[in-house]
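Labels run A, B and C following the written order; every chain starts at residue 1.
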Amino acid sequence: MSEYVSNSRLERVLKAGHLGVTSECGPPRGSDAEEVKKKGLLIKDYVDAVNVTDNQTAMTRMSSLAACIHLKLLGIEPVLQMVTRDRNRVALQSDILGAASFDIPNMLCLSGDHQSFGDCAQGQNVHDLDSMQLVQTVRHMRDEGKFLGGDDIKRPPKIFVGAAANPFADPFEIRIPRLAKKIVCGAEFIQTQCIYNLDKFKEWMRRAVDRGLTEKTFIMAGMTPMKSVGMAKYMKNKVPGMDVPEEIINRLAGVEKKKQAQEGIDICVEHIQELSEIKGVAGFHIMAIEWEEKVPEIVERSGLFPRPEV
Amino acid sequence: MRLKIPTNFRIIRLPCTGKIDIIHILRAFEKGADGLYVVGCMEGDCHFNEGNFRARKRVEQAARVLDLIGVGGERVKMYNLSSGEGPLFAQYSIEMVNKIKELGPSPIRLARQRMSKKADAA
Amino acid sequence: MIIAEKKPIEEIIQEVKDFDRILILGCNECVTVCEAGGKKEVEVLASVLRMYFMAQGQEKTIGERTLERQCDHEYLEEIRNIIDDYDAVVSLACGVGVQFAAEKYLTMPLLPGVNTVCLGANEDRGLWTERCQACGTCVLARTGGICPVSRCAKRVLNGPCGGSTNGKCEISKDTDCAWQLIIDRLKALDKMDDYEKVAPVKDWSTDRAGGPRTVTREDVKI
């Protein structure tokens, strides 16, 4: 993994062997770009790239691509998240070219939450491709310089391609085979689901290392600080595929309410420090949901600041 | 045991209440019945295991439909008793007849009467 | 078989209220088995409509008929001699039957009495569940005999997605995760190696996407 496939800073940081740092920014439910820019500027110097979600939880929002462009124009490197729920292969390829025209250098391929969670529960879903096939598609467009239909692309997209992994989803025994499959499809970096159960994550990571998967992809551990014990309980009980151990809940419940947020940040920082030592962890994806202002503190206290020059 | 029961209802015997279908209930109303009740064995005592449970579901189905078309779902009811409970059978029949009297004639019967009068006048 | 579900009576009443002579037309095939549009359902609907309109003081003629099938010319021909006695037909067949009847009797209003739901199986008494979406290119050989197209809410061909929890789908804890079922089957077949084979981008042109589909068999044509 020595030569660069894109102009991505994230790619350079990871390939130089530094721990990469990404964060996340959800576009607004309206057309005011200031919200995106504000969030982006808050974290600009503390991360290598900012993921921009694609209508997350199937709630209609400003398009991920448009929000990515706003960030890019401010000099902030975006990771374009793209779900296969809403667009067929024509639209997906077209948006990939659109992103590439603005030199958006990273993409994360996802299937997307089911539309029944969002504000258009009666809408159709597309799923012409699945997330792995989307990874294959971008790689095909970039590496072969061709559309899925076989025609040549003038100025093919130069995009560093990622996929998501959930070390905690069911069934556990296919977690590693599934990761391997995504890598075969061409995922160059992986951002994981939020990690709270460190033991289970370490076991997953050990298996990934044993299979040699960390030689083929960069695995960035997903981190989300808890704002309160209420949020921890909600994540444990309501969010599919989330594993929140009792001890996290007890620890948050053990401090008075107004100090719970700080405790959540502390836990997050401790987790990052602990996982930094784990073989195969290539970086962190810090998803501070509607709490972007805390990202600088987390990055600094975790010893990940300043970001390296690459 | 000689028990007094109302005389204004007809008993239709079935091998098991599980034999009853919603269409039998609807036809009774279509022909002008003001009410209908089904008497099955005690729940759990059905010789065919679930005949009386099926019957209860069908009575409920009929009640929903009758409500929907303005006839009134309260005109149908399911009772359960064991074969040795003659007095209770009598009590249920009195209860049902009184209830139907309270409700008055079924709109279907009234409609039939109006229609036949119209036909007579013509 | 084709699974259908009775339309609400209120909806049918709305559709037929302006007609005086209505034929309720059942079908002896799938809709009979799934108890939505067979002879019995014809009788019930006819009785209900008669009573409803009677209570409204309206005299309507409500006829009842159930055909062997509504998706075959020869059976639909059986009503040709009575069809003119009616102003409208409520067909309790699946969408195929309704349309086939409509094509045959051009000037007769044909109203659907059921909602056609899916291609499914009779899983239990009173429970019918989807098994096939007629995508036109069967993948079951590669997925342990469990269909990801019809049974995964995202028709993910390389699953499961991140929403699979305890064997259930993210859309509902009552819905099995198709990919959990596939993995269970692959394990039972000792074919877990197959799991890592990537399913390529699917050709959906044989699905709905390719337009109305036909099967032509020159060898059986006369």
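Everything that follows uses one rule, which is that a residue touches a chain if its C-beta (ideal position, glycine included) is under 8 Å from a C-beta of that chain, and two chains touch if they have at least 3 such contacts.
Not measured: the values here are computed from a predicted model.
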Pairwise touch network: line, ring, star, complete, or other: line
Which of A-C and B-C has more C-beta pairs touching across its chains: A-C
Whole-Å separation of chain centres (CA-atom averages), subunit A against subunit B: 64
Where subunit A and subunit C are represented by their mean Cα positions, the distance between them in whole Å: 41
Centre-of-Cα separation between subunit C and subunit B, whole angstrom: 35
Residues of subunit C engaged with two or more neighbouring chains: none
Partner subunit B, residues of subunit C touching it in the complex: 9-10, 40, 43-44, 47-48, 50-52, 54-55, 57, 59
Residues on subunit B engaged by subunit C in the complex (per definition of touch): 21-23, 26-27, 29-30, 65, 68-71, 107-108, 111-112, 114-115
Contacting residues of subunit A [partner subunit C, same complex]: 84-85, 89, 111-114, 116-117, 125, 127-133, 136-137, 148, 164, 166, 169-171, 173-174, 177-178, 180-181, 184-185, 193, 240-241
Touching residues (chain side subunit C, partner subunit A) in the complex: 153-167, 170-171, 177, 180, 183, 192, 195-196, 198-201, 204
